[in-house]
Amino acid sequence: MRFNVSADLTYDFAAPCEVLLLLEAADGGDQAVREERLAMSTQPRITRLDDLETGERRIAFIASDTVQIQYEARVEVADRDTALAGAPAATLEQLPPGALRHLRPSRYCPSDRFERFVNREFNGSVGGDRVVALLEWIAAHVDYVSGVSDAATTALDTFVDRSGVCRDFTHLAISLCRASQIPARAVSAYGWQLDPPDMHAVLEVYVGGKWRLADPTGKVRPEGLVRVATGRDAADIAFMSIFGQAQLINQSFAIEQID
Amino acid sequence: MRFNVSADLTYDFAAPCEVLLLLEAADGGDQAVREERLAMSTQPRITRLDDLETGERRIAFIASDTVQIQYEARVEVADRDTALAGAPAATLEQLPPGALRHLRPSRYCPSDRFERFVNREFNGSVGGDRVVALLEWIAAHVDYVSGVSDAATTALDTFVDRSGVCRDFTHLAISLCRASQIPARAVSAYGWQLDPPDMHAVLEVYVGGKWRLADPTGKVRPEGLVRVATGRDAADIAFMSIFGQAQLINQSFAIEQID
Amino acid sequence: MRFNVSADLTYDFAAPCEVLLLLEAADGGDQAVREERLAMSTQPRITRLDDLETGERRIAFIASDTVQIQYEARVEVADRDTALAGAPAATLEQLPPGALRHLRPSRYCPSDRFERFVNREFNGSVGGDRVVALLEWIAAHVDYVSGVSDAATTALDTFVDRSGVCRDFTHLAISLCRASQIPARAVSAYGWQLDPPDMHAVLEVYVGGKWRLADPTGKVRPEGLVRVATGRDAADIAFMSIFGQAQLINQSFAIEQID
Amino acid sequence: MRFNVSADLTYDFAAPCEVLLLLEAADGGDQAVREERLAMSTQPRITRLDDLETGERRIAFIASDTVQIQYEARVEVADRDTALAGAPAATLEQLPPGALRHLRPSRYCPSDRFERFVNREFNGSVGGDRVVALLEWIAAHVDYVSGVSDAATTALDTFVDRSGVCRDFTHLAISLCRASQIPARAVSAYGWQLDPPDMHAVLEVYVGGKWRLADPTGKVRPEGLVRVATGRDAADIAFMSIFGQAQLINQSFAIEQID
């Protein structure tokens, strides 16, 4: 499938400060960026800090005063094999480089706390079947509710509160996968037909010999996801990290399918 | 300086399970392994999963029954520049590959929670001077006490409880550095003259154009540290990760200087 | 001093549910209610559940549809001895009935976590002098900031985050007092000259043979406080507890001095 | 039923400090103390701080050096109506004095966090039937395991970790009841046939017009419980509160049925 994605962000910076932007569609693997444009209302010197391993693209610059950032891209997403059922678990030696860290707990995914829970409740399944069971459990036990969580909310909170948004669903799913010894990582993405449009958070699990995307909220089909950043959890994939103070003036995201 | 380091571990495994071992001295950068021996009482097939970026060396194998692991190495540690005072902070574009993730919060280092604290209390200093100020604050406000913390203890806990062991001191130091926008990571190490001998946890900060080791407990001088693993926090550098159940029978570590 | 206090609350109740209201000025001890009026737009059967020990007054009723509650009272506050400096600590046997529970940790005041901190930092002072030292520490280290805390925020959070509102300041002050073995409890009050007007949260400590009011935010002088409810922490003194779902339409509080 | 209960405690106090002891069998309500003896190896002046509302008995004294405390009592426990099934919930106006506070969250029972969970999972039941459903859920989902919890463990931790001891089971049960708007409080008790013998923690819920005892671990039948202290959670019912430092030398508890 092919998509046009776009973002339009405006922030006010009282004092100059460094900004890291993870907004551009990833280029590589199962998706290719065909055409794109990144424009800023000011003309800061931009440093590219792209990551070759994941295709994640990042820029750093010094922001000051009012900055408007506009991004547009045409992206082609290949047919993805996101089938989970029956996909075997990987042994440590079968893991690709960099996967080891996605077995471990992180800021918002304290997977070490969920080991007894997953062993007790999902004992019969392994690999992709385990992931399916975990995602079904989340869908049945957690409500999608805006405004109940914030930037400090962890998967442990969401497990107790039984409510949250895409970020929280993703953190809980990652935690339960890692507690099951299945590598899982967070992915930010433009999500086709997500309503209202926003930067979406989903997860990727390593089973059946590859990383496979899944949306624990069920709101976006895997083939409708245009990947942006990849990391351990939301701490790694924020589309904008501001190393100072700024005020949000406006932000919007859009994605459309092309023919 | 040159050191002989050794470790002797025995565990009982009721059922076969995967084990990841991060026990060997890192090879590369400011230290070189001159000679070494890794012996196991059983003869499992061993998979090496070494990390070229950090020199961290890892093996994975299937453990079963009683397993004794013996490791010995002769390691040469180069003169290290661990001077912090006056070392300038790095901008994002000056960071080496992989440093970005060490600016972000992690499982045991929720640095996002400490931003107001560091801004309020250490406002006057930046870069290496800031690190010096943070380490002095920790030394003045936190007691080294065994038995008050456990595997779930975070830097937030230690900040409140005002007590902990090397792991806790390291997590707090890392958190305060990252909240100060200084990359900081956890390092496990054989620590010369550490009493009692044990695997030690310290941190590394990126200031003045390089990663610089520091021991927030003040127990080991930087030149007496033989590095093993490197990661975001203790979740990444455990010397033994057991993907199943095991019982500790015995473990000991030793390090001696060779003239 | 004499005050007119008033409150005006309107809520929408989708379904009938029980409501507990702790809104009326306490009557007894150092303040006397001279005249008052409590009116509701609906005419539910009201059950009084007043507490004779503290003078706290409570009503329970079944709310449904839109309910407007209007309260007005003329209250005389006696000269209060709120002097802390030099006030001796009480031994267990000197405590008044009901004070014991205010030595213990509670939902938002996990005082057990602060024992090492207070012993380390305030070792030289006891009784009222200790309270003065704790309040000065809070004033010097915590910023009054709206919007950084919520209904789940504990004193531990505030101690780390270094920011909060009156409720958070009060929880931290209570926690540090209890960790110092000084009974401390939460009090809701109409606060004279509080800007903007709101229901205020302060604390009371038992030193020098009596309960003494203090406002850790420094916003209201003790003689300007018209006490309402008393409890272990905010969990006990909410002016409205709704045992079901309701939507806030409007709420306002006012207090004026009468010559 | 009639029981002999006894306790034998020895502690070392490096410096004199106040001690509060909640060790004696409660006298009143559904149990009567027929004969008892409390002996201490030193002869401190003892202050009684008994609570008439609950029959809880407390003594305070100054401890120094080595103190051995021996307690023995013969207690008669009346037939208790602990039936939960079908017992109706109480409205606020039906609550006995002091019950209101047992609807609210406390240090170890953050019941405010469990409201969505209980509403989602136990929607069909109220009153005593709700309590039965909650206790069955706990029995089915939490493992009794020693050593996984400590003095800081809350019901939220236990809900996630799915393991704990009697104190943890009790905190979780209390939290789920309060989240269901059912008053619930913690009770310490000598527990007949508890193996190994220890001071036990159970809960009491207010349904069907009275407080009813229940043991969420299922280890002791309600008629085999000799009540000691009553409070919001473990913070209130510790059998020994030491306002200073002490070292445990020995402690043991026993209970025997008398024909």
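All chains are identified by letter, namely A, B, C and D, in their written order; residue positions are counted from 1 within each chain.
In this section, a residue touches a chain if its C-beta (ideal position, glycine included) is under 8 Å from a C-beta of that chain, and two chains touch if they have at least 3 such contacts.
Treat the numbers as computed from the prediction; the structure is a model and nothing was measured.
*Asks:* Which chains sit in contact with both members of the pair chain A and chain D?
*Replies:* Chains touching both chain A and chain D: none.
*Asks:* Through how few touching steps can chain A be joined to chain C?
*Replies:* 2
*Asks:* What is the Cα-based rotation angle between copies chain B and chain C, on a 0 to 180° scale and rounded to a multiple of 5?
*Replies:* 180
*Asks:* For chain B and chain D, let me know how many angstrom lie between their CA-based centres, rounded off.
*Replies:* 43
*Asks:* For chain C and chain D, what's the span in angstrom between their mean Cα positions?
*Replies:* Going by mean C-alpha positions, chain C sits 28 Å from chain D.
*Asks:* At least two partner chains per residue is the criterion; list those residues in chain B.
*Replies:* 113
*Asks:* Help me check something: in the complex, which residues belonging to chain C touch chain B?
*Replies:* Touching chain B: residues 113-114, 116-117, 120, 141, 143, 156, 159-163 of chain C.
*Asks:* Can you check the complex and tell me which residues of chain B touch chain A?
*Replies:* The contact residues of chain B facing chain A are 18, 20, 47, 49, 58, 60, 91-93, 95, 100-101, 104-107, 109-110, 112-113, 151-152, 181, 231-232, 235-236, 243.
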